[in-house]
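The following pair of complexes shares a single chain, subunit A, combined with subunit B in the former and subunit C in the latter.
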Partner chain A sequence: MRTLTIDQVDDLALGATLLGTGGGGDPYVARLMLRQAINTYGPVTIADPHELPADGLVMTVAVVGAPTVLLEKIPAGTEFIASIEALASYLGRDPVALMPIEVGGLNTLLPLAVATEMGLPVIDADGMRRAFPQIEMTVFTLAGIKCSPMSVADEKGNLCVFETNTNQLGETLVRGAVMSLTLANAFSSYSMTVAEVEAHAIAGSVTYCTELGARLSAVQRGESGAYDRFLEFAEGRVIFSGVITDVHRETTQGFSKGTVTIEARDGTERSMKVAIQNEFLVAWENDRPVVTVPDLICILDAETATPITTETLRYGQRVNVVAMPCAPEWHRDGMLEVVGPKAFGFDLDYVRVGA
Partner chain B sequence: MRTLTIDQVDDLALGATLLGTGGGGDPYVARLMLRQAINTYGPVTIADPHELPADGLVMTVAVVGAPTVLLEKIPAGTEFIASIEALASYLGRDPVALMPIEVGGLNTLLPLAVATEMGLPVIDADGMRRAFPQIEMTVFTLAGIKCSPMSVADEKGNLCVFETNTNQLGETLVRGAVMSLTLANAFSSYSMTVAEVEAHAIAGSVTYCTELGARLSAVQRGESGAYDRFLEFAEGRVIFSGVITDVHRETTQGFSKGTVTIEARDGTERSMKVAIQNEFLVAWENDRPVVTVPDLICILDAETATPITTETLRYGQRVNVVAMPCAPEWHRDGMLEVVGPKAFGFDLDYVRVGA
Partner chain C sequence: MLRLGMDVGGTNTDAVLVDDEGQVMASHKAPTTPDPLDGISAAISAVSVVADVSQIRRAMLGTTHSANAIIQRKGLGRVAVLRLAAPSSLAVSPGADWPDDLRQSVISDVAIIEGGYEYDGRVIAELDEAAVRRFSEAAARSGALAVSCAFSPANFEHELRVAEIIASELGDDFPVSLSHRVGTLGLLERENATILNSALLQVSRAVVDGLNNALRENGIEALSYITQNDGTLMTSQQALEMPVLSLGSGPTNSMRGACSLAGLSDAIVVDVGGTSTDVGILVDGFPRESAAAVYVGGVRTNFRMPDLISMGLGGGTIVRTEGTGVAVGPDSVGYRVTEEALVSGGEILTLSDVSVAGGRLTGFGDPARVEELDSSTIEQSLLWVDEHLASHCERMKASRQAMPLLAVGGGAHLVPGRVPGTSEVIRPHHYEVANAFGAAISEASGTVDRVYQYGSSSREECLESARAEALEAAVAAGADPGQARVTSVVEVPMTYVPGGGCRVQVKAAGPLGD
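Moving on, here comes the complex of A and B:
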């Protein structure tokens, strides 16, 4: 096992913002929580599955709710441990480690804060290595691992536990409960054994995210050759550079949906349109899809290399669009049904980065 | 301990329909379930609290949902045991007995069917000794006993467990879950010790309901003096006789709300109006309130002595309106806040039967 210290929190947070691909919730509050937790309880213990008992229980913990509420409501902290304890009580077993459900957005940092407070290690793995808006959009679903049983807790001591036959009904019940609670709540799910994590999770996500953030931070500091080193590590490429000329965004059915249009300023007629459903999902260049989910579309400020979230898109911003391949663990049977373009309602085939 | 045999099921069901005061769900399906359970597993064991270990765990089990769906959807049966097992798992303890949450309507018979299948006794007690539409409307609430934790289960294996600070939030979360499940689901709540049942529950409800049904059955068979013997046992009185001249009923906010108007046919100008919110709640004679919740208002067919439910009210029916006092256990501090007229939105003071 190894530790993640306070010096690495900013890199992890920056990597998490990038892997949020425009969504995933702002890691700002989670970064504060993680810094405070490390200051109080010591550095986070990061473990690989082989360092833990194979039959030990692992759970994910996350914030579930409306991203716009998350920006305004600071978690009390107690609700996360409450959600874990409720699930442990329901299962009759305590976890030996926590794991992020998604390494991307605020749910990357939050499990680390909770784990260090609970004295538990965090497994260096997750279910997405990016952010997705729905509970069932994980590599665990590909492996037939259910998100159920699941728990939802709020900061007032209210608790819900759900066990469902389908991950879709789980999603419906959890959203309904969150609407009756305080709209942004603690959520624990995907309990599984360490052996299942080793077999099915995306390995090394936390380390990957920290290193990605470190390399992007070097870009932001203007270090020579840093952009190339960042793109090399991410296996990414800049697929478009230009100026935002149109942003259309609305909150509908609990999602932030819309499109952003970027026009080249290199004398050509090239333009890029990117579709938003909480995250950036599909990029078209001159109406030809060039990258789709599950691969990653990130929009960076052209001057500062700051990842731009869907909430901070503005007319006139000069941006670079960076595309990165999804984690290789996604390329298994069933991927397209779970997180391909059609899973989000786009009548499109999957277009891989660089295809 | 004593047994309730198949010969007593019809009396219990008739008493439960009467105590449903127009609502509570039709006991027809629950009667079928109870008869089948007794035929398969043997008679129901009925116990008084002093016959059980004082620190033993007791739970209620019921159907929760829309009454109109209950009429069309036959419970599979498995969901009731599932709801009990989910709560037991959450609490880490198994129940030593079950108890009806309400002795009135279908939830009177249902716990007996489930208990005999599980090999558990039923405590001869409940929380209402009539039917009320909301979870928190019990004498347990008066005693400070929470309905939480609660479980909801459907016939497909889906489960929810809720633990809430307030019974009102519990009600909201349970209704929301039922809307996402199959609209009429198994519900287990009010876990407490046998000692708490002995101290706070309405004692002898099941026996009371069976005897009430037996005496009403004698009325229906036309036995001489039966009506007087029925009213004497119920401490009831016929407060109005006449013909239904108007029925106004609508389903709104999940409740069946409305009024029924009855006019005397004795040459006077007397009329009675009864307010409906799932159950009959308030009776006015010529605009003067003469009985209100929590006392019981029952409408009986004048010829057959069949209790008329809100769904079966029809223009032109000749009826007797019978008023009965609520169980004496209701007369404790806080009663009016929980089940008085104002708790149902009526700007009225409580009017006791015969006041």
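Moving on, here comes the complex of A and C:
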């Protein structure tokens, strides 16, 4: 086992912002929570599956709610512990480790803050290694692992535990519970054994995220050769460079949808459109799809290498569009039904980075 | 009636005297003094000699005093911080993200107590009034109290109740800053701004007293105002309570001054100083506001500040030759350009020298001293300037449509005659003191900030009555009734259920009347 110290929090947060692919929730508050938790309870213990008992229980913990509410209602910390304890009590076993459901966006950092307070390790794995908007969009769903039973808790002692037959219905019930519990809550789900984590989860994603953030940070500091080292590590490529010439947004059914248009400034007529549904999902160059989900599309400010989120897209920004392959663990039967372009309503086939 | 506009910037202190017709009668520009109040006093003397001082009846000051106090950690007061949100929010303490030195010098005590609201208007918990009374001792030790509260922009009863309790414990005069008066949604950012407001109270007192003394010494009996971030005025009495609202007024003044001097309401404004250039955009005569979090001295806030891009490009920016190329800035000789630039008899190659050699700047220093300058150095440096200005202007634009560019500030000579993406480059008369002129033409404003029940009357009726009241308040604050208009309407829904309340903030503004 190893420890994640306060010095690595900023790299982890930067990596999480990048893997948020434009969404995933701003890790700002989660970063402050993790810093406070490490200062109070000590560094976070990170474990690989083989360092834990194979039959030990692991569960995920995350924040769920409306982003605008989370701006005002900062977590207490206790709601996460309550959701974990409720699920443990329901299952009749205590967890030996916690796990992020998604390494991408704010839910990357949050389990680490909770784990150090509870004195538990965080298992170095997750279910997405990017951000997705719905709970069932995990590699666990591909492996037939249920998110049920699940628990939702608030900071005042209100909580519920429930079971569902499908992970899709689990998503629906969590949203319903959160509507009644003031839109800023904790939820725990996807309880499984360490052996199941080892067999099915995306391995090493917390470390990957920290390393990725460290390499992007080097780019931001302007270190020579850093962009190449960053892309090499991410197995990514810059698929387009240009200026944002249009940002179109609409909010439908609670999701923020839209498109961003980027035009080249190299004398050619090339342009790129990127579809937004909370995250960046599909990139077209001159109307030809060049990358789709589940591969990652990230937009970086061309000068500062700051990952640009869907809320901060603006006309005139000079940007690089970076595409990165999704974690190899995604490439299993059923992937396209769960997180392919059609799962988001696009009548498109999956286009891999570099295809 | 004459108006006296003043602007204290990092490099220069400017003043203008403006008549009824908006014409500049006198202007003055001098380096900012170590105690900025000395420079203000000197500037007032310099411009007021041309007029009958009894005619100067309004004096407006925009100043970097507050921003500098925060950046330099000087003159800040100690603040006790009370947050009403428990049991929520305990995972992030007040001041958690502040730079250590600033937190240690400003924040004395913090407490998160029960109170605050949910998004739908229900309480998170009833306000723990006993805890407020207990915390009043810490507040008394600090000398100032900042109060934040979950969802207070929509529901501020708990914050008002805390102010009442503190007044009963520590007296009506005890300074309490309430977050709903300072900022909008975003608890941590609003709380930060509220703490800064409390910390700046003494700085603000010194500025207001200094301004009023300087006016008196020059025999001027004028109403004194401080300019706010949004381009409107606070009376000096209001400035004593809400100093944080003036933190970013410099760029606003400069942009509004530029637009008025040029007689335009929509333009890109490029303000070139001695050290840096700000590029902003004017829409309907007011700066477009930033959507991103604004950091002040390392503290994240959610002020409504002009959306600006700054770059290290100014008249004093140092140019170095490297082999056959040049490296421009980002360092600058600043206001010492009048001594250290080559044309000033100094030894340092600056962008002002390049501008003289390239024919953009005339009447500054001795052109003979740059005659020997390598023509490739001149060309490359000016190309660097032109490319950076063009790219920043492009980034500021909201559409591909070309807009006019207004070049202002002491370094405006560096802006070329044509900038790609802009329809024309205008250097308005008195462009070098656009910021002080912007202060002089700042408007009086009035606000309404109230929760309306849309269920009982229609939304349009509520907004109409709020608009009317804001206009009345602006007129009461001195705005000309014929020219006052509503400048912003912000609605914050208190609840997501039908028939629920909505916080409505309406601001009206107009030029000062007689």
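Simple rule for what comes next: the second predicted complex is superposed on the first by the 352 of 355 C-alpha atoms of A that agree within 3 Å, B and C clash if a C-alpha of one lies under 4 Å from a C-alpha of the other, contacts with A are read in each partner's own complex, and residues count from 1 in each chain.
Quick note on the criterion: a residue touches a chain if its C-beta (ideal position, glycine included) is under 8 Å from a C-beta of that chain, and two chains touch if they have at least 3 such contacts.
Owing to the predicted nature of the structure, the values given are computational and were not obtained by experimental measurement.
In the overlay, answer first, second, both or neither for which of subunit B and subunit C A:Asn158 touches.
First partner only.
Identify the partner contact of A:Val29: answer first if only subunit B is touched, second if only subunit C is, both if each is, neither if none is.
So A:Val29 only meets subunit C here.
Using the touch definition from the top, say if A:Ser89 reaches subunit B (first), subunit C (second), both or neither.
Only subunit B; A:Ser89 stays clear of subunit C.
Applying the touch criterion given at the start, work out whether A:Gly316 contacts subunit B, subunit C, both or neither, answering first, second, both or neither.
second
Hey, is it subunit B or subunit C that touches more of subunit A?
Answer, by number of touched residues of subunit A: C.
Which partner does A:Leu169 reach: the first (subunit B), the second (subunit C), both, or neither?
Only subunit B is touched by A:Leu169; subunit C is not.
If you lay the two complexes on top of each other, which residues of subunit A touch subunit B in one and subunit C in the other?
156
Spell out the residues on subunit B that touch subunit A in their complex, using ranges where they run on.
My answer: residues 86, 89-90, 92, 149, 156-165, 169, 172-173, 176-177, 179-181.
What residues on subunit A touch subunit C, complex-wise?
Contact set of subunit A toward subunit C: 29, 32-33, 35-37, 66, 68-69, 71-78, 113, 155-156, 182-184, 243, 245, 311-312, 314-318.
Could you please specify the touching residues of subunit C with respect to subunit A in the complex?
These residues of subunit C touch subunit A: 85-93, 96-97, 118-120, 122, 124-125, 150-151, 185-188, 291-292, 391, 394-400.
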